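See the structures that follow.
Heads up, the next two complexes both have chain A, just with different partners, chain B and then chain C.
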Partner chain A sequence: MKKNLIMDKNYLSYWLRQIRKTMSLIAPMRLKNADIVFKQVDNIHEIELDCPASLPSPKEFLLPQKEYMFRFSKNSVDVLKDCTKRLIFGVRSCDISAIDLMDRFFGEKFVDEYYMSRRENTVFISIVCNNPDPTCFCIGLGTGPFLKSNFDIQLTDLGDRYLVETGSKQGADLIRGYSHLFSRPKKSDYDDQYEVILSSQSKFEKRISLENTRQKILNEKINDLFWDWIARRCFECGGCVYACPVCTCFNVVDRMEQEGDGYRFRIWDACMFKGFTRMAGNVWPAEKKGSRIKQRYFHKLLYYPDHFGRFGCVGCGRCTITCPGHVDMATIAHRIDVGDRRRR
Partner chain B sequence: MKEIYLPIKAEVVEVLDMTPDTKLFKVKPERPVHYQPGQFFMLSLWGKGEVPISITSACGFHEYVELCIRRVGYITSAIHEVKPPCDIGLRGPFGNTFLAENAKNKDIIFVAGGLGIAPLRPLITRVMNEKKRSRRIALLYGSRNPGEILFKDDIEAWQEKGLQLFLGVRKGLQFILSAGKKDNCLLSGSGPAAESSRIPKISFKNAYAFVCGPPVMISPTMITLSTMGMDENNIYTSLEAHMKCGVGKCGHCYVDGVHLCTDGPIFSYAEIRKRRLQIV
Partner chain C sequence: MNKIATICPYCGCGCGLYLHVENNTIVGVSPVRNHLVNKGSLCVKSWNCFEFVHHPDRLKYPLIKEKNGAFRRASWDEALRLVAARLLEIRKSSGPDSISIVSSAKSTNEENYVMMKFARAVIGTNNIDHCARLCHSSTVGGLADSFGSGAMTNSINEIVHAKLLFVIGSNTTEQHPMIGMHMLDAVDRGAVLIVADPRKTQIAGLAQFHLRHRPGTDVALLNGIMNVIIDDRLVDIPFVKRRTEKFDSFRALITKYPPEAVERITGVSAQDIKKVARLYATEKKAMLFYSMGITQHTTGVDNVCACANLTMLTGHIGLPMTGLNPLRGQNNVQGACDMGALPNVYSGYQEIRDPKSRKKFEMAWKVKLPRDPGLTLMEMFNGVLKGDTKALYIMGENPAVSNPDVTHTVNALKKLDFLVVQDIFLSDTAEYAHVVLPAATFAEKDGTFTNTERRVQKISAAIEPVGESKPDWEIICALSREMGYDLNYRATHEIMEEIALLTPIYRGILHHRLEGDSGLQWPCPSATHPGTPFLHRKKFAKGFGTFMPVDYVPPAEMPDSEFPFILTTGRTCFHYHTRTMSRRTSTLERECPECLIEINPSDADSLQIKHMNVVRVSSRRGVLTGRVYITENTPGGVVFMPFHFGEAPVNMLTNPALDPSAKIPEYKVCAVRIELIK
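Then we have the complex of A and B:
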């Protein structure tokens, strides 16, 4: 399955144009003078690859912010499932790692058929980050800037050409029939790849060890005062959760259109909200903001490693950009690891 | 692929008023369901939403199931409006079960507060049906006022089979504790005659306990029972949390590394302490 090829950059748009005939093409695009978002591509030349990471993560296409599950009427119920074939192009390594985690979460025990239906119809072309953002810290987690496995197709920008690595059957299917666009890699190509990766690795500004952070928490070096202190700077906006490619919590809501007819849909929810665990009779298990923040970070730093053997954070840095109170994963992990005067 | 979010149809065939705010619903699912004591269904009303509700009818493989529901909010109020014949939706059964197998031939104390009797009912029924003469089984049952004692007929039937009944949980616990202080052996008849009739005659060292009720009742009960020498691994309770999916995906019930809906809702006191689970 694993196969490496070289493609001249000039062929890229032709290749994408051909693939787009069979599936919907999604890629990072710049909104008018504003943020980068993943959206359906109308003009292939508008795809933005040399840009900071998109703020909304591509999880939107697997777990949409709002997903219709059922349409019901007085005497029938329709299961609504998205089976659109999609190619998501230009995804970063960290996001692919996050999707790998989501695959495992939604695919274990009770398999989530809505996620799976989208996932089985989606294929990714990821790109090695030659220029990580100042907020990125995937390098300390092994989730970037390049991937060794678990990708469909991974491109490495070597200047005038791409090194194209296929890592899955879905990836191989995208190459099939286009052999005229590709050539065999030479030793010099691998040398260039090595250079590119080394140079990228050297550009990371943030070096954060979540493992040290985890150990500090496990050794009970952090008490609840720390979380309460963090909480004082949190606005409970939920931005960190919505922006995070790993967070998956959702709420389920019924909405009536008219008498007896309506939809049941799920929408993103956030453990940072006070009402998230509210129960009837005015019971608020996580009333304190500090306890909710602690729960979120314990989930990512302790429970994810216990359950999946990996952190529930891929170092994408989105929460750093989003958080208006500057209490994001990188900051909190750094405080815990390197120290803080409130630490015992 | 199995549809985990799609409820099956169930017909409400009978609704009984039990107290002013509690009703018993007898429903007939589209196809018979198999369940174990302690499990719950996600009850679904299209247009309103879903809520977790424990199964209260005798466990096994059944055509009908009974659900005992208290009106406390948006969806439970809507359920109370339902008049048979009418269809509702059910998903499940979900959750783990009370492991009654381990308690075979052991003394058992059941502690129920208010609606907590509902999830315990299938278990008590099973235990009482399998009971041999020598086994001692007690039920401490409290409710807000005497008019709210649920399932009186069942309780009488259990008593006929030898269940020791003690009404009032707080009082019951106090008696257990005060008697325990007087003499460490709480076995039959050893306390002063006047009190011994109010103390469950069971051997706490080897007994199992199943506790269900409001959170304010659960922790003191568990603490009392373990003070009486009961093994923390043998004290079980059912925890409650806000639930939206019942299948470990929505994250609402996730606390301290466990999904209460799939890893629970039933935990032993030992586990609760080890994981520092919060009893809200």
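Then we have the complex of A and C:
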């Protein structure tokens, strides 16, 4: 299945245009206000690959913030599963790593059909990231800036051409029938790819070791006062969870339209909310903000590795961008790691 | 999936966000990263601001109330014809001033302008007001007296560069979260944060100085601070001499407020007052912020003037990173005021008493306009009970929950000959209407919002209006045509052109200049002007800044043996005002489903109340029940309740006593009794 090819950059738009005839093409686009967002592509030439990370992550195409599940009336149910075929182009390695985690979460034991329906109809072309943002720290986690496996297609920008690595059947399907666009890579192409990866790795400003943080949490008791101190700056916006490409929590809501008629949807939820674990009789198991933050970080740094063998964080830095109080993964992990738990 | 950039419909911060649209349905929201206000962040309300748009409760067609009191579906034609006929009839029998209009701080500038024109040109009355009366009318009035312009003087972007932030009466991190974010950034860069608030709010927990004065003693506290500044010779004498007037009478008054005397009134130690006074006066880049804690008192205007005096005394105004910054509550409350949805001014605060501006509007609108200022919001409802007001047209407001002493308001609504309510949901107020008109939400229309820092920003329709609902401006235009006045615009940018033509401070603000950008801050006097980040540079709007000597007057109702607690009201970060939108948002409603009465542990002990017990809270005006939430954050002798809940309408308890000039009610202080229900 694994196959490596070379494509002239000039052929990219032709290739994408052909693929677009069979599926919806989604890619990072630069808006008038200079923001980068993933959206449906109208003009292929407007796709931006040399850009900062998108906000939000491409998770919204697999688990949308609000997803209608089914409509119901007294004697019928109409399941609203999304089966749109999508190609998501220009995704970063960290986001692909996050999708790999989501696949495991939604596919383990109980299979989430809504997620799987979208997932099976979506194919990703990721790109070896050569312009990490100041907020990025995937390099310490092995989730970027490039991937060795678990991708559909991975592109490396070699100046005038792309090294195209195919890693899955869906990826191979995209290449089939376009052999005239591709040639076989030479040894120098691999050398060039190595240079790109080296140059990318040297550009990271943040060096965060979640493993060190994990060890510190396991071996040194972190006082709850630390979490309460972090909590003073938490706005309870839920932004860290909403923006996180790994977080999967949702709430299920039924809405009645008329007598007996209605619909069910799910909507992103967050463990940072007090009501997330509320029980009957007005009992909040995690009433203090600090205990919820602690739970979230324990989940990502301890329980995820126990269960999936990987951290529940891919180092994309989006919580750093979106947290209004600057109490994000990078900040908290760094503070625990270097032992800066002073009250300021 | 498409992503439409627009502005959040909740608070006055004016954050940029994208609505994610698939098949004419909004499925998500995300922050704009390159936005000057929110910089990639959003608060919990913004992150969930799209859910109510598709709620099944949305009004999808006009409703007419039958004789038996039930609503029936009607066509637009029938509903508009009925409204027009009834309004014309009442105008003929009782005169135009028997009709009052309540405009909306949730609607766009264009819609408020059209509504203001409808009241004045079509109905022929100046009886138009909106909820700014209940939040910042004291700012508009007080700062007009002191500076000549009642708006936030400086910009949100300056906060991070300030060296001192003095926040009084504002729960910034919860009610203006993105401004709170800028404040935290400033603190991280070494700024001193001083918070004056009886409650220990989140931002107070981050402050170097937290002054916990007794509710309603703001004037005394500020006068005490100014007394220290004068005594310590920290007054900016050149500024006071060159730019202000009436300093001498002010100084004479301030001598009555030595810090020791102020300590007895406010409960804040003289030591702290002195420290804060010295810090504020000696730091050049010092910004002063205030919000409802200052304005919602019978002494609201006095409180605002005291703040203004403090900035003038120290010369902390008319420069970047200084100023007096009232934080406006609603997404477009600044704009609704700017557009003249007020009984005494046209758009851009042009006095209706001034014959020159009246003539200008008469020429533009080709109609004779009424000369005398109209009724304010509370006077309208009093007018109904007196029999002077016969008809009320309410656009996007919910006075049946938001007015003080709501029993009085509901009686007035019931007594009206004719009530039209134009809203997105069947609100508590709409239940009393004769005709209900379905309006489109922020996600379904174009237009502009003006945020708290005077920034005019474009909003864009993401989806088609739900059901048969229409944008407010289209409804008003159709109604006015039915009434024989041709209000005719094809799109909102045409309305903006007319606003620019008639309003000097908006002259250069046109839709094409706002596209894909963070907007423009008024005053913007020409089509090439870049906007004004801070006001009163070199000269105050009215020429000289005026020191208004204000004395401390206690709140209208103080606790006594019968009603021993002070009740103070406010909001939580999960709901917005009367909850018409936020209760229909699953996450927000789940977080905060009921009214919790916050009380200090020592008071709870003495009343033998336990956490989550149900208590009866009564005042001289009403009674309600609710659960108690025991917290140190509320000081002793005080209880705090949010006003969101129609089920526990705290405004049944509040005191409708008004500030004599701004007519703002005293929401922040009234006396109550608490009893445990066994």
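Here is the rule we go by: the second predicted complex is superposed on the first by the 338 of 344 C-alpha atoms of A that agree within 3 Å, B and C clash if a C-alpha of one lies under 4 Å from a C-alpha of the other, contacts with A are read in each partner's own complex, and residues count from 1 in each chain.
Following the convention adopted for this analysis, a contact is a pair of C-beta atoms (placed from the backbone, for glycine too) under 8 Å apart; a residue touches a chain by one contact, two chains touch by 3 or more.
Keep in mind that what you see is a predicted model, and the values were worked out from it rather than measured.
J.: Evaluate whether chain B and chain C can sit on chain A together after superposition, giving fit or clash.
T.: fit
J.: In the superposed arrangement, does A:83 touch chain B (first), chain C (second), both or neither?
T.: Once the two structures are laid over each other on A, A:83 reaches no partner at all.
J.: So in the superposed three-chain picture, is A:273 touching just chain B, just chain C, both, or none of them (first/second/both/neither)?
T.: second
J.: In the overlaid three-chain picture, which partner chain does A:232 touch, first (chain B) or second (chain C), both, or neither?
T.: second
J.: Just to be sure I read the superposition right, which of the two partners does A:256 touch: chain B = first, chain C = second, or both, or neither?
T.: The answer is both, since A:256 touches chain B and chain C.
J.: Put simply, what angle do chain B and chain C open at chain A, by C-alpha centres, to the nearest 10°?
T.: After fitting both complexes on chain A, the angle is 80 degrees.
J.: Kindly classify A:303 by the partners it touches after superposition: chain B alone (first), chain C alone (second), both, or neither?
T.: first
J.: Report for A:264: first if it touches chain B alone, second if chain C alone, otherwise both or neither.
T.: It touches chain B, and chain C stays clear.
J.: Who does A:198 touch here: chain B (first), chain C (second), both, or neither?
T.: Neither partner.
J.: Once the structures are superposed on A, label A:282 by its partner contacts, choosing first (chain B), second (chain C), both or neither.
T.: second
J.: Quick check: superposed on A, how many Å separate the nearest Cα atoms of chain B and chain C?
T.: Taking the overlay as described at the top, chain B lies 11 Å from chain C at its nearest C-alpha.
J.: Residue by residue on chain A, keep only those touching chain B in one complex and chain C in the other, then list them.
T.: Overlap of chain B and chain C footprints on chain A: residues 251, 253, 256, 262, 269, 278.
J.: Taking the touch rule as given, give the residues of chain A at its contact with chain B in the complex, in rising order.
T.: Touch list, chain A to chain B: 69-70, 72, 77, 79, 105-106, 109-114, 116, 248-254, 256, 260, 262, 264, 266, 269, 271, 276-281, 283, 285, 295, 298-299, 302-303, 306-307.
J.: Show which residues of chain B lie in contact with chain A when the two form their complex.
T.: 1-6, 46-50, 72-73, 76, 215, 240-242, 244-245, 247-252, 254-257, 262, 278, 280
J.: In the complex formed with chain A, which residues of chain C make contact?
T.: By the definition above, chain C touches chain A via 1-3, 5, 16, 18, 20, 22, 25-35, 40-44, 46-48, 50-51, 55-56, 173, 177-178, 180-181, 184-185, 188, 202, 205-206, 515-518, 573, 586-587, 590-593, 612, 627.
J.: Considering only the defined contacts, which chain A positions touch chain C in the complex?
T.: Going by the criterion above, the answer is residues 26, 31-37, 39-40, 55-56, 60-61, 64-68, 232-233, 235-239, 242, 251, 253, 255-257, 262, 267, 269, 273-275, 278, 282, 321-326.
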